[in-house]
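Once you scroll down, you'll see the structures, which are given as structure tokens.
Here chain A shows up in two complexes: once beside chain B, once beside chain C.
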Partner chain A sequence: MIPDFSKDDITVVSHYLGKIFVALGIVQILPILVGFICMEMAAVIDFFISIITCLSFGSILLYFSPLPQELNWRQGMIIVALSWFIAMCVSALPLYLSGHFECFLDACFESMSAYATTGLILIQDLDHLSHAHNFWRHLMCFIGGQGIILVALVFFFRGGDALRIYIGEARDDKILPNSITTAKFIWMVSFTYLIIGSFLLAFVLMFHGLPFTRAIFHGLCIFMAGWDTAGFAPQSLNILYYHSFVFELVTIIIVLLGATSFGVHYAVWTGKYRELKEDFEVKILMFTIFMTYIVVLIGFSGNLVFGDPVSFFRHTFYQLISGHTGVGYTNIYSSQLATWPELAIIGVIIAMAIGGCMNSTAGGIKVFRLGLFYKSMKREIRKLSYPESSYIREYFHHQREISIDDNMVKTAMVITICYILLYLSGALMGTFFGYGFLPSLFESVSAAANVGLSVGITDTSMPALMKMWYIFEMWAGRLEFFAIFILIRFLVKTVKKR
Partner chain B sequence: MRIIRIVISGMAVFCIAGWAQTVRALITNPDMFDEKTVIVEGELIGDIFKGRSGFWVNMLDSGMAIGVWFHDSEKEKIKFLGKYGVVGDFVRITGVFHKRCIQHSGDMDIHASTLEILKRGTEKKEEIPVEKVIFAFSLGVVSLAAIGILHLLSRKESLPHNR
Partner chain C sequence: MKKRVIRYLGMLKKGIIGISIELVYPLIVTVVAFLISLVIFLSESSFR
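Coming up: the complex of A and B.
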């Protein structure tokens, strides 16, 4: 029998949420520093209000929920799901105070989009937003890409508790023997790439005549949102703002690195370069990129709508790679994307739905699961071809040789079905509100797979219910469902008890 | 009949090329304006990006921005580019709109032939609402007091009772 939720559960959850509140407050010191450097005092006040709110709530929760016993899996999952929801609300506060949002819901949409590394935006007049607020938008992407819990993990959690929370955030690859050292490794990789990537982008921008400070600010923002496959940009034109093919090429490299599993990064960092060639997930990622691009090409039926072949490739491949890795960067207008042939749009939808690698910053079903289905199918066919008494095993190489078992396939299948249902639910909701089915499906997949490409539906004028549903899609898609399901069960049980 | 047709097409060309278009109209109906001379008005924003024998500046109008390609000779005219705390130069641009510019790898852009400054941009003094300052200050004081009290209480509770 499944045990009921007890008062202890609430105490444990409240205690750790208190810690998350404190962590979110501390993190906001960074945009305050940016505000001071850029002499943006109005922004500093916005963040001051937000920090005080976080610290107050955090202190109250920590006081009334003293240090609990060790976490169990269920509590870990609830903490993860609630942390993301709370992070969305408190991080939306400085955004809303900036005056660039029509309502608090829009600000919440923006912060969930950043944390879930989606990239759909509802901000108004982005081009006149303060550096501090803009930096905060991108910092949220950086934090969310690694995982909100991962931030707190390094500082606030005990070893045993850490693992239960770590897995709740849709990460099940223990690169190193312990979750905290894994979290530290992920942060080390991210910070190293952050320095290299930001300077590389800044260098390209300086070549185009930008002064160093502007170039480094843009480089930093674009890297944070690119590496974490979020797709935010400091200007409303997104990547189109820079008018630079070289800049776009650098962003492609960054997003491909972001969509690659941290396990592969670890292998490369430790000198095992062969992993890049041998890892089954990397191979499938390359294969699906190739195949979905073929679909896009067939969709255009050889009609080079962007002029010459290079321009055609530049624009079509950029949208495809952006969709597949889940970054959502774009070098065309959403109204242009909306006029693409239906088959080309379907190609991008498939790419978005598949997503990047497991344990990367990308969203979607993940190529790993797709590969697993392929291997499982191959195993079943072989089983049928051999005598009944034969024992057939199928392996794949993912940092080591792994044998496929039924449990692995079953879990992958459940998550995949959940994703498909989520994609369809958003599409049906869009259709219900009067948008076409294909554009609705595109936008829904973009939200649930945490991509951020848009055909123009995501707008401040869209119905509030759709905004809320997209927030749910981003949240559920990022956490890969289980944490949310357990939270819903917890809430239902708590309400029923009363 | 021929005269009427000439008059109608003349009027259409006048409508498209003679009056200022919004950037939104260009972006949402690119086929209508493709390769035609257009007049657009808006605020220059962001940064100047150097290119070969020219430069890029993005122009914002009706909530949408578009890249405008200028000849180097126009650079001196631009003094303010819109960003936080700065209102960019409000300009009128006459130029050719490209749905897919061949020169710039298929980008949607405008190649400006003339640039007219309608209103010079300014640096805005940052306005901080007094109510916000008072609210932040009060919140800070109350919260710090509450956090302090909670901290003292928790310390007191953690002390051994037999002291």
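Coming up: the complex of A and C.
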């Protein structure tokens, strides 16, 4: 008998959502500081309103739902799914107040895109946005990439409860025995790279003539969005704005590291250097990068529009790596991408659909699941070629030797099918609204796999229903479905009860 | 707090070689990808 949802569930969920509201209010102090430094008082007021809203809602929820019993798995999943939705709504408030969005839905689209580390944008006149708001856009990417729950975990949650919501955020790698220490390790890696990466980017920008403060601001923003594979940039031209091959190379390093599992980072940081060479996921990632890149290159055969090999490489590989790691940075206009040969576009779509490593900041089906299918297929073939009585085992190396079992493959299969259905649903909706099937598929995969590359469909003129569907795709794709499914069941049950 | 910072610095010291290796691996991927694109570009150009 499946247990029904009770009043206790609502109390527990409300209590933790109250904490999330408070956490979201606290992090908005950072853009306020940027606003003060840059003397942007209008922006400071926007964030002040938003903080008051977050703290008010948070306090009300915490007051009326005092801490009850320990959290269970189902409640943890609902908290995660609702946290992301609430974060989208409250974080859209300062964006909307900036006056750079046509409607609140567009601001919500932008904030979900940032939190889910997608990178599709609907902002108007980005080049004249205040530094505080711009910083907030990139900070959301950083928070979302790490995990909203991961932010709250370090400060607000107890040990047992922490694990139940940590898993809900599509992270199941227990790098360290405790989920709070794992969360702290993830933050430590990210902050260390934040310092290294931001200075490296700023240095390149200063070398290209940007003033010190501007270079630091751009370096910081690009790092936050790059490491968390979000793909936002402070300028509307994205990476094309910088016109620098070296800058593009540095971003490639950052995004590849961002798309690498935190488990691998942990191994390498603790002296197990060979892990980078031996990890099954890294191997599959390399393989799929090269294979999809070859597809893109073959797509251009007989259609070579680039004058020299460096420009050919810069334009093709950057979009491919950007799509594969899910960052969505681009060094060409979306109108140029739309004119790419169909096979090259298909190559990028496949790369986007696959995505990066599990327990990284990347989205998509994930190379781990792809590798699991390969190993499972190999096991089945071996089973058929050996005598019936023999017991065949297949191993892969992911921090340790792991033997694959049917449950593992089944779960991976369910999530992969959900991703494929999500990709197709967006493509069908795009086609229904009059866009071509391939561009619609491209945009849908880009949204659901949290990539952010665009062939020009994502625009303020897009139908509201499509905007809402893309928001759902980004949300479901980032949380890998289960938390959303449980939330939907919870809502349906609650409505039915009434 | 002081203890935590010392522990963090200790780990960072151990991880410096790790970070250097991690920074090199994306470069290797980029160089290999460049070589692949160069081969395709040259073969395409020669067929023109």
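Going forward, the second predicted complex is superposed on the first by the 496 of 498 C-alpha atoms of A that agree within 3 Å, B and C clash if a C-alpha of one lies under 4 Å from a C-alpha of the other, contacts with A are read in each partner's own complex, and residues count from 1 in each chain.
Keep in mind that, in the parts below, a contact is a pair of C-beta atoms (placed from the backbone, for glycine too) under 8 Å apart; a residue touches a chain by one contact, two chains touch by 3 or more.
As the structure is a prediction and not an experimental result, all values here were calculated from the model.
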By residue count, is chain A touched more by chain B or by chain C?
-> B
Report for A:C103: first if it touches chain B alone, second if chain C alone, otherwise both or neither.
-> neither
Should A:S301 be classified as contacting the first partner (chain B), the second (chain C), both, or neither?
-> second
When the two structures are overlaid on chain A, which partner does A:M291 contact: first (chain B), second (chain C), both, or neither?
-> neither
Regarding the shared-chain residue A:G209, is it in contact with chain B (first), chain C (second), both, or neither?
-> first
Give one of first, second, both or neither to describe whether A:G271 is in contact with chain B, with chain C, with both, or with none.
-> second
Could you say whether A:F312 touches chain B, chain C, both of them, or neither, answering first, second, both or neither?
-> both
Chain A residues touched by both chain B and chain C?
-> 306, 312
Which positions of chain A touch chain B when the two form their complex?
-> 38-42, 45-46, 48-49, 52-53, 55-56, 59-60, 63, 66, 97, 124-125, 127-131, 208-210, 214, 235-237, 240-245, 305-308, 310-312, 314-315, 331-333, 335-336
Provide the residue numbers of chain C that touch chain A in the complex, in ascending order.
-> 8, 11-12, 14-15, 17-19, 21-23, 25-27, 29-30, 32-34, 36-38, 40-42, 44-45, 48
The chain B residues in contact with chain A across the complex are 27-28, 30, 45-51, 55-56, 58, 60, 63-65, 67, 82-85, 100-102, 104-109, 126-128, 132-133, 135-136, 139-140, 143-144, 146-147, 150-151, 153-154
Would you mind writing out the residues of chain A in touch with chain C in their complex?
-> 188, 192, 196, 249, 252-253, 256-257, 260, 265, 268-271, 273, 276, 286, 289-290, 293-294, 297-298, 300-302, 304, 306, 309, 312-313, 316-317, 321
